[in-house]
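Mind looking over this structure? Questions follow.
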Amino acid sequence: MMILGEGLGELFCPPDPNGFREWVHKNKDLAMKEKVMDEKTAIATFVKDGDYIGTELYGTVRAPMSLIRELIRQGKKDLGVAGQGIIEIDFLLAAGLVKTLDITYVAYEVYGISNILRRAVESGKVKTTEWSNAAIAWRFKAAAMGVPFLPTRSMLGTDTFKRSGAKVVECPFTKMKVCLLPALYLDVGFIHCHRADKYGNCQIDGISGFAFEFARACKRLIISTEKIIPHEEIQKYPEKTIIPYYLVDAVVEAPYGSHPGEMCYCYWRDEEHLKKFLEDSKDIEKTKAYLDKYIYGVKNHEEYINLIGLERLKWLESQIGGR
Amino acid sequence: MMILGEGLGELFCPPDPNGFREWVHKNKDLAMKEKVMDEKTAIATFVKDGDYIGTELYGTVRAPMSLIRELIRQGKKDLGVAGQGIIEIDFLLAAGLVKTLDITYVAYEVYGISNILRRAVESGKVKTTEWSNAAIAWRFKAAAMGVPFLPTRSMLGTDTFKRSGAKVVECPFTKMKVCLLPALYLDVGFIHCHRADKYGNCQIDGISGFAFEFARACKRLIISTEKIIPHEEIQKYPEKTIIPYYLVDAVVEAPYGSHPGEMCYCYWRDEEHLKKFLEDSKDIEKTKAYLDKYIYGVKNHEEYINLIGLERLKWLESQIGGR
Amino acid sequence: MRYSETELLICVAARLMEDRKTAFIGTGIPMLAASLAKKIYAPNLVAVFEFGGIGPSLEKLPLGVGDSRTFHRAIAAMGICDIMETAQRGFIEYGFLGGAQIDMYGNLNSTVIGPYFPPKVRLPGSGGANDVGSFCWKTIAIMREHNKKRFVEKIDFITTPGYLTGPGAREAVGLPPNTGPYRVVTNLALLGYEEKSKRMMLLATHPGVKVEQVIENTGFELIIPDKVGENEPPTEKELKILREEVDPDRLYI
Amino acid sequence: MRYSETELLICVAARLMEDRKTAFIGTGIPMLAASLAKKIYAPNLVAVFEFGGIGPSLEKLPLGVGDSRTFHRAIAAMGICDIMETAQRGFIEYGFLGGAQIDMYGNLNSTVIGPYFPPKVRLPGSGGANDVGSFCWKTIAIMREHNKKRFVEKIDFITTPGYLTGPGAREAVGLPPNTGPYRVVTNLALLGYEEKSKRMMLLATHPGVKVEQVIENTGFELIIPDKVGENEPPTEKELKILREEVDPDRLYI
């Protein structure tokens, strides 16, 4: 089972299962204690310059936007960032806080490519390593499993592989070629969920995206939630818990925390707002103006909510599909 | 990444992801059509002598006991069997239908070891290969992922590894030693669930055991369910679906299908019945008498239910814990 | 009845979908094609979406591969790993792809124009495309602009595998056997691949489009069979459902 | 107040549990010990069970590692993979083990007595034991019969890794560093392991048990420190809760 091929892409965050185990044992408090705090405290306490971070799910869908906006307000810089994203990664790139990017997809789906990504990468400012969407998810899964890598049959034979940090080996059981993906551990992860108790036991409705794997791949995990529910609710439906408290370091209550993205069964995406930002993002000054107004211009998520306006948000609630 | 060690255990069912893909493409009907049938038809249609089979969860907990009893009535023989089990594997062993056993644990937990397993293995009749409980689950997971193997850090340095079919290699990213587990694909799998629609979309309450991975590792999957529910119920809570219809070949309605085991939130395990069988199992004749009475002596699950008696079953319902 | 290029493209793509099969659906045209197909040709088509949606009703058009419409009244709402592993296990028949460049073997580029770093133009990246192109049995590429800038001899970056360098190449690198490009739908024609050479072949032109026009707009040697068909224009029924039910807000058409 | 050997053993094991930690709980004595500990010493102990139960109330004693009592009013009800992976990631502090044989390095046998195949006695097999012994930071072995048949120089089969052949051996085969056997609770004494040699060491004898008696009943050379403690007999409170709340049906005691 020797190495038949290696990607040229830089591994911004090499796998280290033993190091992660030791870190967890030394730093992670397994006691079930209250972790509710405001976003300012959560970000200030658990994020530092140079951290490798990630967000789940993505830009327009159940994204931890309120936490990202606070991260930008606090100007945490030289960040490594993993993954799949839209507006949340654009925000970080536009704010100049990103140093390296393990990229799978940054664009606006039906609305096309990201001008902010273009400026950041074409200028050579932000370094990139390529992965497929499944590859990034499986890298989190490897970390979540506590193993240094996972085999897959994706990326083989392409430039996506050539610019990744993966390796090709021969399977010792079948002799088939497989692509090995290195586990990806995050310094800090951000997830927005539907419900959490004060200890950090979380519930998510609808698709789970990559929340399960991602939450288990983080050293520090900051949760924002639409609603904080009593612990008894968690105990009543234990199979609904996708993230147990011991993975979580902070619980931040953030109604409409995914705006301008959607939150299934709660509120629909703010199409006007998204289109406006996409338009603004074509111009550096206008992009800056957007950040000034919606991020730097507000003290916290509460002020942001007031800026967007409850009327608008209630209307978005009326636009989301039910069960 | 060369092979540093290999288990001596026979691989009764070697991994073949491409073979599985081709088989699925050729034989698996992806159309959502009605699959409800009685247990006799399901077993007769999808199980043949010499098949490699498995069951989920285990003996006293959400086990597909009604299907196992029918399998024995039809005398499908020379079976390869995977895994973790109690009374369900004892039944198969006592009926003399098992040829090979990928074993992790066969015993009665608090009530000690299995006399039937002892007779089957100490006589040399049934061949065994050893695995840890996680290893068997991860072998299913590898199959479910569509990859030939998964790395793990279990079994290293022990005789459990030596008598397994696993291999030890050096991780090409970290240089650490990891144990590679070959994917385990089943010819036929049996799962008992709480609710399913007529197409085979299934819901399970409480712990999921290894149902998720197991269901995805089977060529043929036979579902027994406490209750058949309308498709609309599935559509209303799509996140509750743990097994989508396209994995399923047959749906058998089987209330109390896990008896004498428990079904969480439905009915508690039949302690008297289990203890009686355990007592009988110490003696070959008494074991035979048990099988004659409870398996060969009834035509189907309905007759079995009548034999146990609704009064008894209602009482077991009263003994299970609620939410 | 008048119709746009996009509407024709959607209808031609929709007609490709078999009923009672699974299809991996990406953002944009594929969503409209799948939705239209479900309403006319393939009521039992099971649409599968990257981030977990399996078999939604598709009453309303999704705007993203993870939005709530991808699992509204669905069979299941899973996560990305289950979807990708289901494809890797061989359970997904069709996969839809797109890109800025395509070559004669159906390899696609959606990563960069120019050198890798720093690039002349940074495109979105693979996303799920490489996975879909690796795992699905048959992939269908949607190319809205059939011209020499997009249909090229050599693409700048192979984001997603087609037949790579030709017959046997996919198997040689370890990709699942018997998978690969199946059709290409463009604003000019419907194309496929020649069995033996795995090279792109013209199948049928759109109404009013001449074979020469397709050849002129293709930057590599296209195989032209003796018989080239002509695609039917959108039927009234197709256009009515497309405009009134599939995309009433005219997001795409 | 009179008490049985089993009751004492349960109390001694329960006293080992730290509050506000995670513990991987197996069937039998460990369940009683965890339940008793939760009611007296470690109210915030998070019991984790093999098949998915995380942090149940443990009001009623589970009869199996997958039964509904292992997730009644629990924090989460997952599956075996998540539990085992959580342990592999380093999130589980204590693990409980048992077996038919144990050696001086805490290696355990629960697979066969005699040759592997066909064996003289076929035991249950590893189950989750090997995983618990590989992943948990500290493992506690429960041995109800402390005698030379069970505490042996060489066990017939290493089902579950202790310190294997001694210092550094676990790390050498690839097991996670700084993990391994921590305590052994028997019907005669509480034992641990010497820091340097990783060999089993007597820590404290049960009431009325002499050091010699422990030595005589151990089939390998046991390290005897200068100071050997004596375990407190079960307190009235321990016995009352054990008999009336933990195991009122007297399933184990």
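So that you can tell them apart, the chains are marked A, B, C and D in the order they are listed, and the count of residues begins at 1 in each.
Note that contacts are C-beta pairs under 8 Å (C-beta built on N, C-alpha and C of every residue); 3 or more make two chains touch, one makes a residue touch a chain.
Because the structure is a prediction, the values reported are computed rather than measured.
Q: Say we pretend chain B isn't there, which chains still hang together?
A: The remaining chains, counted without chain B, form one piece that is still joined by touching.
Q: Based on the averaged CA atom positions, which chain is farthest from chain D?
A: C
Q: I'd like to verify one number: the distance from the centre of chain A to the centre of chain B, where each centre is the average of its C-alpha atoms, in whole angstrom.
A: About 37 Å separates the centre of chain A from that of chain B.
Q: Roughly how far is chain C from chain D, going centre to centre by Cα mean, in whole Å?
A: About 57 Å, centre to centre.
Q: Mind checking the centre-to-centre distance between chain A and chain D? Centres are C-alpha means, answer in whole Å.
A: Those two chain centres are 40 Å apart.
Q: Among the residues of chain C, which ones contact at least 2 other chains?
A: 53, 71, 77-78, 81, 88, 135, 176
Q: Counting only residues that touch at least 2 other chains, which ones in chain B make the list?
A: 17-18, 145-147, 152-153, 176, 178, 206-208, 236, 238-239
Q: Chains as vertices, touching pairs as edges: which of line, ring, star, complete or other describes this one?
A: Contact map by chain: other.
Q: Give the pairs of chains that touch; include all such pairs.
A: All chain pairs meeting the touch criterion are A-B, A-C, A-D, B-C, B-D.
Q: For chain B, which residues count as touching chain D in their complex?
A: Touching chain D: residues 57-58, 60-61, 84, 103-107, 109-110, 113-114, 117-118, 121-124, 127-128, 130-135, 137-138, 141, 152-160, 163, 168, 176-179, 206-213, 262, 264-265, 268-269, 271, 320-321 of chain B.
Q: Under the definition above, what is the set of chain D residues touching chain A in their complex?
A: On the chain D side, the touching residues are 19-22, 44, 46, 53-55, 57, 71, 73-78, 81, 85-91, 93, 135, 137, 176-178.
Q: Report the residues of chain A in contact with chain B in the complex, numbered from low to high.
A: Interface residues on the chain A side: 1-3, 11, 14-18, 145-153, 167, 169, 171-174, 176, 178, 180, 182, 204-208, 236-239, 323.
Q: For the complex, which residues does chain D have touching chain B?
A: My answer: residues 27-28, 50-53, 60, 63-72, 77-81, 84, 88, 107, 111, 116-131, 134-135, 157-161, 164, 169-170, 172-176, 251-252.
Q: Going by the contact rule set out above, which residues of chain B touch chain C in the complex?
A: 17-18, 20-22, 24-25, 28-32, 144-147, 201, 216, 234-236, 238-239, 241, 244-246
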